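Alright, structures below, take your time with them.
Two complexes come next, and they have one chain in common, chain A, joined by chain B in the first and chain C in the second.
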Partner chain A sequence: MGNPMKIRAAVKDGVTEVKVLMQHDMETGLRKEADGTLVPAWFITEVKAQHQGRTVLEAQYGQSISKNPYLLFRFKGGAVGEKVTVSWTDNKGDTRTDEAAIAA
Partner chain B sequence: MTNRTGREAINMERRKALKTGGGIGLMALFGALGLLQPGKAFAEWNKTAFSSKSMDEALAALGVTTPESSEAIKLTVPEIAENGAVVPVTVVSTIPDVEQISILVDKNPNVLAANFTFPQGTEGMVTTRVKMGQTANVVALVKADGKFYRVAREVKVTAGGCGG
Partner chain C sequence: MNTSNLTRMILVLALTASGSALAADTAASDSDKIEQYREMISDGNPADFDEMRGEELWKKAAGPKQASLEKCDLGKGPGVVKGAYAALPRYFKDTKMVQDLESRLLTCMTTLQGIPEEEITAKPFASDKKASDISSLASYVVGQSKGIKMAVSTRHPKEKEAFEIGRRIFNYRAGPYDFACSTCHATSDVRIRMQDLPNFHVKEDAQAAYTSWPAYRVSQGLTRSFQWRLNDCFRQQRFPEPKFASEVTVALTMYLAVSANGAEYVGPGLKR
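And then the complex of A and B:
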């Protein structure tokens, strides 16, 4: 289990804007410790966002995505109080799922 | 411990393959390791694309040949990034029916940063943050209605993103 995500979803004029801040080290596998040993690659590979059970965005990440990845996207529809669920999987098989209610 | 030496051995192999065989050698190596899995489900993480070391390799792995340059895609990146570890990237497409947006950094060790898939009803826009090791071009690749479009912008990096 990774650390919790921060998710903000707000609907305006029939479009829901979702902002997600994931907490993850996103190690590239290229960085070296002070003693020269390579820090193994450890990063989020897949992200999926759902609204009321329907997938609204799917993403695949590589090592070039920054630490604690930020994501913003918009989908049509959504009503105040409905749930937006975001989940990620990293290259070590760890996963995390969080949800937020859509605000006005 | 055995695990670690095993992994190092693979890394060495990979490095050798890169040096000597170039693209073909790398593909063969991935094939041998069982990492190349053609015909896998669409949503599967595209190992080949994300391991690409050059723009051409990445485009080939994504199935793109010659993307059209398009004014209809707006790529927003800073002109100068003081911190290469966190470079905000926003892609907004005014082309309708966007199916996919990919973000690439041409001089990063792994060129492909992210690949977003848009179901119907999701707007053709996305904001993310990428790492940049050095001054390079950020490329946005948009797939809409089966066609590929591309737009590139240079970002000057004054401090590298790979040192952490």
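And then the complex of A and C:
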């Protein structure tokens, strides 16, 4: 299981803005150690966000995304107190899901 | 022409207009743009994760004595973390020394938890292989001073002495390159590559610089403590490596912290 994400969600005028900070090394597989050995690729491949069971965002991630990725997105709807769930899966099959309540 | 094409055209026109406006700007706009970039990324500062890690470590029983650091006195009484960093370094009666945050944490970890000093100071800085407990603890403590005004005292003779030593180190030219901190940090409007260098003789510069450390370094993917900052400054000057949390680093921190007095602490910051 990966490290926890930090999720903040706030609704304004019927649009919910979600800010997600993920904790992941995001190794490209191209970086070398001092002794020349390759650091194996290890990165998030899929990100999915749900609001009350409805998928509001699906993304494919890859090596070009930085370490500890930050994601901001908005979706229509959402009410204070409702839950937004974000999960990611990486190329090693590891996965992490966190949720946050929508604030005003 | 459909509407989407029209919107695209307007967008292109708008971009061209702003592009030429930018071209007319002076070099100052480059640092403005960096500032803008900082603002954009500061919203999701990964230093938060290091703060969280530090908080867990603070509360967890560890070391041979299986004690947490919740009785650690950072100057505001045992266990008080709130606002402690904004008043550090300071003189501590029990150790009879002026201590900065990390040297104080070192004292607490050795006395309360019974962890041998060498074990902590062998690798006091985080690397991409291994996180550093003392560095994460520092991230947690500084985060608890967010929004609090820097008020570092020089009333105690030892504090005054540390400040004076720090000031002299800041201006002391040495090493194979005849370098001093002041070589880079005593002139306004100079930069190294794209980074503006703070002039510590200017109050606002000193405040902005000091209150934004410790910080998450995007290029290293790590949260860096103030001891690391100084250690790297010494390295860049080609000075011998200073001992972790040694008197020389505390004195220099004292000088820099006092220069930042009056400013709101805003860290942990975010650097390129």
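Keep in mind that, in the parts below, the second predicted complex is superposed on the first by the 104 of 104 C-alpha atoms of A that agree within 3 Å, B and C clash if a C-alpha of one lies under 4 Å from a C-alpha of the other, contacts with A are read in each partner's own complex, and residues count from 1 in each chain.
Simple rule for what comes next: a contact is a pair of C-beta atoms (placed from the backbone, for glycine too) under 8 Å apart; a residue touches a chain by one contact, two chains touch by 3 or more.
Everything numeric in this text was worked out from a predicted model, so none of it was measured.
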{"item": "First, second, both or neither for A:Ile7, with chain B first and chain C second", "value": "neither"}
{"item": "Contacts of A:Lys76 with chain B and chain C, given as first, second, both or neither", "value": "first"}
{"item": "First, second, both or neither for A:Glu46, with chain B first and chain C second", "value": "first"}
{"item": "Contacts of A:Val84 with chain B and chain C, given as first, second, both or neither", "value": "neither"}
{"item": "Touched partner set for A:Leu21, first chain B, second chain C, both or neither", "value": "second"}
{"item": "Partner chain in contact with A:Ala100 - chain B first, chain C second, else both or neither", "value": "neither"}
{"item": "Where chain A meets both chain C and chain B, residue numbers", "value": "66-67, 70, 72"}
{"item": "Residues of chain A touching chain B in the complex", "value": "15, 26, 28, 30-31, 40, 45-46, 54-67, 69-77"}
{"item": "Complex contact set, residues of chain C against chain A", "value": "41, 43-46, 48-49, 52, 128, 218, 221"}
{"item": "List of chain B residues in touch with chain A within their complex", "value": "7, 43, 45-46, 50, 85-88, 90, 105, 108-119, 121-123, 125-132, 161-164"}
{"item": "Residues on chain A engaged by chain C in the complex (per definition of touch)", "value": "3-4, 6, 19-21, 23, 25, 66-68, 70, 72"}
